[in-house]
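You will see two complexes here that share chain A, one where it goes with chain B and one where it goes with chain C.
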Partner chain A sequence: MPDVFPLADALVSRLKRRELHLPAEIATATVQVMLRFVSAHRWSTVPQLIADTRAIGRLLQDAYPTENTAANVVRRVLALIREEERDEDPARNDTHMFSLLSSVEPAPSSKNAQELKPYIIQAIQEYADEIVSVNDSICALAVDIVHQGETLLTPTPGSETLLKFLLRAAQKRTFTLLITECYPNNTDRVGRFAETLSAAGVSVVIVPDAAVHTLISLVGKVVVGARSVMADGSATAAAGASIVCEAAHANRVPVVALAGTYKISPNQPVDVDALIEMGGPESILPFSNGNLVNSLDVVNPLWDFIPSKFISLYITNLGGFSPSFVYRLALDSYKADDVDL
Partner chain B sequence: MDDVEQKPLSPAELKKLKKAEKAARRKEQKGEQGVSQAPQQNRHKPSNKAKPDSTKPGTTAHKKSASTDTQSTSQYALGTLLGHLELRPRLGAPVPEDVNSAVFELAVRMSAFQVLGSTERCRQMLLAFQRMIREYRTPPDTLMARSLNTHLGKQIEYLKQARPLSVSMGNAIRWLKQEISKCLNDSEDVVKDNLVNAIEDFIRDKLDAASQVISQLAVPQINDGAVIMTFAHSSVVSKVLRDAKRGGKDFRVIVVDSRPLLEGKKLLQELQAADIPCSYVFMTGLHYVLSEVTAVVLGAHAMFSNGMLYSRAGTALVAQSATDRNIPVLVYCESIKFSDRVQLDALTTNELGRPEDMNLQIGANTSVKALHVLYDLTPPDCIRKIVTELGNLPPSSVPVVIREYRNS
Partner chain C sequence: MLVSETASEFDITTTYHKFLHDDPEITMPVAAIESLVTLLSLTRPQTSSELVTVLTKASATLKENVRNSVSLSAGCDLFLRFVLRSTQDTANWEACWKHLVDNGKLFLERARKARQEIAKLGSRFIRDGDTILIHSMSRTVTSLLFHALERNVRFQVVVTEARPDGKGVAIANILREKGIHVALISDTSVVWAMDKIDKVFVGAEGVAESGGVINYIGTAQIALMAKGAGKPFYVVAESHKFVRLFPLSSSDLPGENSSLQFTSDISSSIQAPDIDFTPENLITSIITDIGILTPAGVSEELIKMWYD
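Here is the complex of A and B:
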């Protein structure tokens, strides 16, 4: 098994260094590693391939424990491998009621597993193409969400998907967008996000994070770029998103979350705090505030956990879904055996 | 982007353009005639003339000149969104006629957001008025009290130019005018003595003693081992927490803060000086720390007659999040902040802060705007109780207190 690691090594160290942090980048990089791995790796049986792939999945997951995308892509690839194997061996498809009670395990495929290789590679290639076109599919729904003259609010100006979504909406609709400042993390992205949309004709207003409660009654919809989505329909997103969604929920303002399917994790959120990565304190309280910093506990979460009850709708590349349906999407994409890598 | 610029203009847009053009022309003519407006105009003129060479002829050039004109008044003009809330310019020298120097100094400091907090602003205003009354010279052949009333009106008008009066300031002014009307027939020295003493008593009773009583009521409510969350800075909250520590209570405080005013830092400094263990978190991290909180204590700008708490923007978010998690929310509020006004949302009456204080990282040539509202409104169902110098009250008792207070 050790020879599976060199292929993943580069990606693992980039994840560890947080060089890759946008889920879209991570998904693309992971699926490319998977492609190269299945083509170059010497495997003789499908179970061996599956075991080695899972090993890579575990490595990627451990490299960036709060980020699910890499593991999700590996899970999807595993599901594709299992499907190809099953298609090849009709005996395994045989699930009529007489075999339900039989305890005899079907014998491992006697055929040369290498014959499967081109099919598996093709399936992964198709999945890679799907990942590339995720944003396009999500953006296609933009005009269904935004109406003319509407005021939108977003607490996640760091999201690329959201930016493309709103740009697409701006082609057909005139609307006002309120952006929270998202202080203290990624403040440079807020400015870029605002300028890009403003140049596309959207009237953009940046507001302090604390002003949300005052302004929420002006808002028609809250749009959130989700970072990862849990099976129960809850999500993680940039810090500050949860408080905005809660205010929206209290005022009956719909919350629309955008997420590519590779962000959907088959896991339930058990330990919520473990999903959240912490940032350094210096962006909140610079070390120049010497005596204050010494005896103070400065908390700077980078992400926020949004419970599913605050989200009204998910827009994915497969269409729009209610949060209560997300577990079904997870079941469709992944096999139950691969939930724990 | 390109096709947006080259799109033919709709009639409404054309009309708007023509209007802007006309306004610009009129302004230019005025600038040539009048001297007073010269500096502002001159700054823009050269750039206006230079522009048509570099940009496309026709519409775009006009558009740009119109936008620079509005930028000169405010880079962040908001237009229709909350257009009813005005943005007051920063005050500065020279001292206007008829304005006392103490009042002028206070107005400038308020205008720069150096004097913050409803209680502090009220106290500083009363002290400035006290000095003004001491220094006041009655014009010949007039009654002191009568002319003082008009003079006071001018001071108040000037303070209003800095920032809208706080509810506490409004209540104090109403009281002061009443006091002046009580001594209409007295001589100058008597009036001065009476008023100076009355102001001293008012500050002692309504501000100092009130916060002392609130502290006595609130400290026993803090349990050992409590984790108390508070937002921004409130002088009463700070006093209560420090008194509790001095009384031997063992607790921790989480200070939630928000840009751009960063008032929480001031509270941090006060609490740290009192050796109270603190955590510091921005609004975006609120939900992360909320699970360990046992009580939320908040200060107030005002309590409205319908039970709404009007306070620094962000207060309502903290109160609502805590209430959703069954964490009790207490408000510490002196009764001088009670107002007979009613308000349902924080948009109808609010105050705008200066957006340039937000220090946004946006380019100069963009039409991105910034909106900085100073207050929000917390609904009564997010408030467990209000601790005032008159006792612990539910939000629904605010109008009762106002009636009793006015009658006495």
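Here is the complex of A and C:
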């Protein structure tokens, strides 16, 4: 089905060039591609639609292998298509344990492909709206999380969601925020982040990365903007986040991670190295330093892996969840058949 | 398969053992379910309450007469809950009875499929270069390893001898026949080997409500060692092994022999319990046919089954 690909081509090349790198942007772009694809693509049967959608999902995944968001959005769209086809009631709350004995196979829908199309498009449209409102839903919980007079620490000033979350909290609460300097990849973002919050009345302190263990005992909560969330409750976030969360764990300081549901992957972190995006060496060792560049290897991971035991709570657009519950969100959002696209 | 022709001669315990004996692939909960199906085909209940009474009695007999009844009671409970649910939901309880009697073979087939599904899900956890530790006979674990082998993953396996029954020797041979490189070690050598091991996989006789597992003796101490060494500990089990028990330690498990026997008698023999309980905090994930669950997920499924 080569004619399905032009729709995705533009997104694929933007992902390959890392032009799109914020999960929120990727989610919005992907769901728009899905909408246009289901509307414009000529499909006559649902299995064909599913196969072609999966093909697009594979393309997007391969274009940016360390980033889960595009694949997650495609998996969710596939689940929506399958639910429409099967006439499933997503609210049905029955245990899967009975599947050994049950008599009823889910009945295929009585509607034919063309009748289904508007329903599928409507479901995807609703999902697109949900993605747009993710930050609002997460920010709605800000006042519950941030207490009056509290000191917070964040190692991820690159996160837009986190910035909005803290700005919302600042409307009702007075608090102090410590930001790690995030050398070398996020140092420039720290300034912008601090400035914005400072203007909103938050007292902001930028602390050296190396000072985290010393300062952690002053901190009431660590807040982290997660990059992606794995089914076992572990997460990836900007490099430097893991050591902060580990310090917090050792000092019994709660760690709150923010993540839209499109960041939740149904996969387990079997190969941690494969989840980490590597950056260029120039932020550590400028190319002008020719002799050294020639004789040294520079390793610059952009992201960090945070094991689930270091995270106390996830704040998602569906509410707050314990890391041990994330697998359930993944099981409810995606169909088992679509875990491998 | 029928052991007796009429209900009066029918003995649920004999039937259960015959199922286990005749089919080496069958698990204990499924054998219990098949025995109850056989019983239903021989009795013709007149009312839905008679149907439930017959089943309740039979599963109580079965649990009482079989030593180490944890696993089979998971099957009995699942079956009974299913019948109760079906007779409540529809006025037509006879349809439920007929469905169960007609589909004994289908349940067997589904149980086999569940194991394949687990093998497919779980083999993703095995990566090139991994050294895997396994303990005691578990068909789900071996089928998971075979599935990884079919996917051309290169891994090696450390197998414990698994005393007192010593089945580790047989398992090592089964794996070696397929070309897997196996190191067979004594049960006392697990710590000695632990720093070379990447992941631990064990099966389960039952998965308790807390997400802890009841399994062949020695599982709990391996889990503790894995935790100490920071190695992931995976339990591989079909969801029909989830059982509504909440043991706090191995001494809460049903069965005799649950306490230490102190004696000054020189001729007394070694105490060798069959099973132990691995608490949920030592378990990384539970790989099941309904997905990869955190231990907390087990109670959620059981609650949905019992209190819906």
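Heads up, the rule we're going with is that the second predicted complex is superposed on the first by the 313 of 341 C-alpha atoms of A that agree within 3 Å, B and C clash if a C-alpha of one lies under 4 Å from a C-alpha of the other, contacts with A are read in each partner's own complex, and residues count from 1 in each chain.
Operating definition for what follows: a residue touches a chain if its C-beta (ideal position, glycine included) is under 8 Å from a C-beta of that chain, and two chains touch if they have at least 3 such contacts.
Here the structure is a predicted model, which is why all the values come from computation and not from measurement.
In the superposed three-chain model, the partner touching more residues of chain A is B, compared with the other of chain B and chain C.
By the touch criterion defined above, A:270 lies against chain C but remains apart from chain B after alignment on the C-alpha atoms of chain A.
Using the contact criterion defined above for the overlaid structures, shared-chain residue A:233 touches chain C, although it does not reach chain B.
Shared-chain residue A:198: touches chain B; no touch with chain C. Listed in rising order, the residues of chain B touching chain A in the complex are 1, 4, 78-79, 81, 258-260, 265, 268-269, 272, 277-289, 312-314, 316-317, 320-321, 324, 345-347, 350, 358, 360-363, 366-373, 375-377. By the touch criterion given at the top, residues 30, 33, 78-79, 81-82, 85, 99-100, 103, 107, 110-111, 114, 124-125, 127, 239-240, 242, 284-285, 289-297, 300-302, 304-305, 308 of chain C touch chain A in their complex.
If you check the complex, the residues on chain A that touch chain B are 176, 178, 181-185, 187-188, 190-191, 194-195, 198-201, 203-215, 217-218, 238-240, 242-243, 246-247, 250, 273, 276, 284-285, 289, 291-292, 295-301, 304-305.
Remark: chain A residues 93-103, 231-233, 268, 270-271, 322, 324-325, 327-328, 331, 336 touch chain C in the complex.
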